[in-house]
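The first chain written gets the first letter, and so on, giving A, B, C, D and E; residue counts start at 1 in each chain.
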């Protein structure tokens, strides 16, 4: 029991820290592409500390507070189910469907909180966020179906283990297609262009986020960091082979090595997202929906059908 | 050139035959609008003087004569004469000519009324709102006349661009600052 | 803690009736505290994500320039009026100076002509780069915007060397310019900069103007036709995008433009994309004009008129009369109407910013039926400049 | 609940290195914001970034003269920001009216209506000057003298009085209702 | 002879008639509630009996017919759904019912649906089916004539179809009781497998299957036949709709199961398999998938709170059909699980809708907003229901949806998998629309005096909400009962855990970790500075001051972008399909009437009686 608690705490700490680093990396890499110096890598941590240390906060009612808490709680929950090298605690229950759902739930919490403020911009943001969710769900669903059908199991951990023998998922054609579709979906999950429709600062002033300030925003920053970590981790696990290192004698060394391997894969996923993000303008919401229901869906459905055969 | 009809149009001879194209244009317009006075200012600049009540007819004439754009309605407050001069700045892409259409109306607020020309040049609606906000010229027929424009609540109805609006006194009263006015000078110090 | 019900109770006690306007639609205040409309506000009546009705609410930048100009001597007004158009402050300077030149009957020296033309073209390039920045920020391709702002800095540095200021140059004055070109080094630097920006244009094409998503976002948005545009007093690139080849530089030539070779791009679609592409093409033309000017080289001679009346500037008087001058700015036809009663201050200065036509009625009509995502795009494609309207 | 005084230096450091700016470029100084944010001056090095939402912003950059119409929005936006918040007035105009000292529609002393922490003189101040001002503000945050938000809370009555004197009492409602007749034109005609 | 089955079925009817006759305020409510409580009590009691013996039987001879009733595991579950949700709905009606007329027909329809579930022969099945249809039709008729007409037409159409199918079966088999039919058809399939002549030809089999599909599809609201549902569900007493949508639509689902039980083997033999699913089942599943998408998308575009949930109901039934259609033991269990959870959360939703309409008198989204402050209890219930429908662990909606996902995707059916994934997202979408428009945002001033739910409704909602949570945290409770249907452990695990071998879900574990996550988040939250409540006018409006006169909430056309994206498809489905099918069905019903008069005499007599009764009451 205590062991599990310590482990969970360490995972949480690691995920939060790395998530913040990812956020920092996103900002630095983007800045470098913009030919700027960019902020220090620990900037998101400073932002979060600042937000949490605000001396006055506002609320619009109970749901406004609860939605934010719920978003972070659900993200932590999702994180616990994703295999992290050899150390995950709930990986036995790390069901593909469950994790897919759990990764979407925080959004619902944020939407609840945002909408309870009664702000029209937040309403517009919620509208956009939900339609984005609806748009990405089709290719995402097909990608997940392809995975489950290819491996015949829903357990993320078993998929990771299977990849150790049959090779990374993306080396198989059906799953390569699924991975491409999933990567396009990730772009929207990260909220990067061309699918940052939900926040669109130039159009709807951050949309759902517009009413959050102080500690609410601080919590959402933490949530964003963990979600970033969890989403990249999930992708690395199911498509990029995860990491199971058994080369060393010491289990601690193995763990560290597998974390390092995972980190490299996660960074690769992140970099692709950044590079796509900096060179594209933003879609409008109906265009995004049409886009997602066309090419990524066809790719992912082809993958799923190939996997089913 | 139809020189025979000069007694009606009364084209002022500024320079000889230097700006023939403009001369011809003024002539042509004045034929249709005998109530107006017109002259050529210089190359590509012509000017008309029109009585206030005929302004709609005249602008219609101008529009028929390919003056496509209305650039601005300028109000000049001639305090001594007790008149507002309204200058309709027109531009013709076809003739490549700028035309000023000047008209005069009394500057008393209750008498400073003009018919709107927004049905001839829709953009005039904006210019008329502008003129109303700053000078108090009321354009009859423009339903957006009372709509808030640039000025804030406090200045609305004060018509601050009129020459008799005492800006210094107003600023002193409104912003309650005296430090720059302590020198007790009437004139501005630059 | 003030809850909604308490507010309502309070309102009822004060005899106010609180009923929302029309429950089918909702009101959205677009600006001024918004990234897309700085210092400008549009009140939108929305249905879902479509605009049902738009009311432009200008006036956040109103300082009463026209009133202030009546209270300041002729030359001091230069320092005031250039603040009307912030992205290209040389335009108000130039039109005011040209109008005063006309009133004075001055023949401005050749060298001053050259310098004024160069400065105006530099201002045009920098304004277009600023516009590219704005457009790409609104479209979400931040990279192009950042780069455009960076290239604009090169022009800012040149302006600084020429005039001593980055933004408000106070350089073009009646009768010429305020001071001479710093030297050949500056010309070389300008040449380098023009070449550099020219070499970077393909980057913008790839990121913005040839981008599939940009086309999707801007095609068929905010369409106006020729008749509408002319009736609404639309000028500049916005008018040229509807198929009317009206460019003040060609139609009413001033300064050195009659001697220069440049194209007036015209498209006939009249949508946001056409307006954007026209601007993109004009940027190229402006760079080409700058190249020609540099090839020509500044003519020798004085850089401003030699007139004994200029000795005592506060007492400087302009003969009675009125004059209208206008130039082609990146936004459109920018005009000044100056009236003098023979005193040492202008009797009336009216500045005609092109945005007063674009930003109020045209915007209100183009926005009807647009999606909320199109609002910034339409705003940006019209290149609406709020200080023009507010003055 | 918990005594956070021990962590106060950390918080001050975070506050100073993570100033989010309200995206409200009042006046002409807005033209210098893009250069400040882009590669030549790059304020993001210091963790500053523009933010459209006032609720999560710390720094209010008053970039230039303020008209009464804008000042109303500034006050509303400023009051929306959570404490601690800082105001940096940029240019001579908010300081004393600057070139518009006699204009009927420009605020002369901004600090009568909202507290200003740092003022940068000049018209318009160069980006370097703005950066200097920001550095000054950072120093002030570190040694606790950037206390405009505290002053606003403590002297709220005074500020409120000045605002009401300028705009007249109940200006918020008046300003809000100003547009209602023009938004409900259909119903107005029926009546 | 009085048997408990008899009591279960006829207690509501008796109570309804009594309540109608007495018509005294207070007493009729009490009688009604007791009438709905008795079947529930007996059903709970029957659980004990069923654990010792496989089934409870009862038969009655009436007018030359022998009606068989049988209670065993599978229809016990369905009857329990009817009992619980029916009871909750009747409790809700205590507050919302206007007169004794409603009590009569609501309770008659409860009798009807219980009879359908418990009937063990096709005659009884059909009669109770008609009783149920008739009673629910009367409930709709009272509120909206047009909606009821549409419902009536489609129901009659379905009833004809069923009657013909029953006729064909009776003609061939010579018996109407389930056991005989099942046996004969099984033997027929065997005969076919050995190559001898079969009793039913292939075409007859297609006909019978098609007719049953239409009959049950109409009731369930399957995709092309769903058009009656939105109007009928929305144009009646909303407490009753909790039962209408939660239970009566399950009769259609149960009918689909009856197809499996009676014709399953024979059909499987005739048409073979598609992947793991029988081909005939795959048709059901595909139609179910389409139902999910069409229902969900249309739900998101509704402007009326009742319509939204009506379409949502259709969409959720689609899930159940998919599960039934796939036809493996696991998927059928998943489908029944989803039927349970759908009844629970949709019943809850309609009670919430009933509360909202009861308290505000408004039905359109544009008239509502900001009610969460005024109706906290109802909002809490709505919160549970929303999380449950959206499929958020650890609530029952997720458990059943998860089972369905796993069951379908495990059988390598990518298209169906994609459809149900889309369905879960569209669930989020329309729920957020409901949440935003009703609970959050700016409250119109005329709703300022709204009170919270009345006690009976609150109790009814409380029961359903509690079950939502309990069955979510302990999904094994339901799974255990479901396993009894097949007599083997299809879904493994404990009462907290579902273990399929290729996927695991533990409700308790998720609850615990969610609580851990929430606690961590709450600690961070409470370490921060105190919060101050601000009114809705003090929000980001781009710096502008606003008053309550402005509309700050997107009240109408919230999902306009979606509508525009789907404009092409909506044109097809709304304008042409809706009206043409309506017209077509009208014409067809006309032709069918001439055609069916040649049918079996007894069935015709029964049918005539019902039609006469309907017409008589219609005239009233």
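Definition applied: a residue touches a chain if its C-beta (ideal position, glycine included) is under 8 Å from a C-beta of that chain, and two chains touch if they have at least 3 such contacts.
Owing to the predicted nature of the structure, the values given are computational and were not obtained by experimental measurement.
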Exercise. Between chain D and chain E, which partner chains are common?
Worked result: A, C
For this session: List every chain that touches both chain C and chain E.
Result: A, D
For this session: Could you pull out the chain whose C-alpha mean position is farthest off from that of chain D?
Result: E
For this session: Specify the chain most distant from chain B by Cα centroid.
Result: E
Exercise. When B-D is set beside A-C, which has more C-beta pairs in contact?
Worked result: A-C
Exercise. Distance-wise, how many Å sit between the C-alpha centres of chain B and chain E, to the nearest whole number?
Worked result: 73
For this session: Determine the centre-to-centre distance between chain A and chain D, using the mean Cα coordinates as centres, and give it in whole Å.
Result: 35
Exercise. Distance from the CA centroid of chain C to that of chain D, rounded to the nearest Å?
Worked result: 26
Exercise. Where does chain B touch two or more other chains at once, residue-wise?
Worked result: 148, 151-152, 160, 167, 188
Seminar exercise, completed: Multi-chain touching residues of chain D, meaning two or more other chains, are 23-24, 38-39, 52-55, 67, 69, 73, 77, 102-105, 171, 175, 179-180, 182
Problem set entry | Residues within chain A bordering two or more other chains | 34-36, 53-58, 120-121, 124, 127, 201, 205, 210-211, 214, 284-286
Exercise. Looking at the whole structure, which two-chain pairs count as touching?
Worked result: A-C, A-D, A-E, B-C, B-D, C-D, C-E, D-E
Seminar exercise, completed: Listed in rising order, chain D residues that touch chain A in their complex are 4, 7, 10-11, 13-15, 17-18, 20, 23, 38-39, 42, 44-47, 51-58, 81-84
Seminar exercise, completed: The chain A residues in contact with chain C across the complex are 30, 33-36, 120-121, 124, 127, 193-194, 196-197, 200-205, 278-287
Problem set entry | Parts of chain A lying in touch with chain D, wherever the complex brings them together | 27, 31, 34-40, 43, 46-47, 49-51, 53-58, 201, 205-206, 209-214, 217
For this session: Over in the complex, which chain E residues touch chain C? Could you list them?
Result: 366-367, 370, 373, 442-446, 448, 532-537, 540-544, 546-561, 563
Exercise. Which positions of chain C touch chain B when the two form their complex?
Worked result: 57-59, 62, 64, 66-67, 70-73, 76, 102, 230-233, 235, 244, 246, 251-252, 314, 322, 324, 326, 333, 335, 337, 339, 347-348, 350, 352, 356-357, 360-361, 389-390
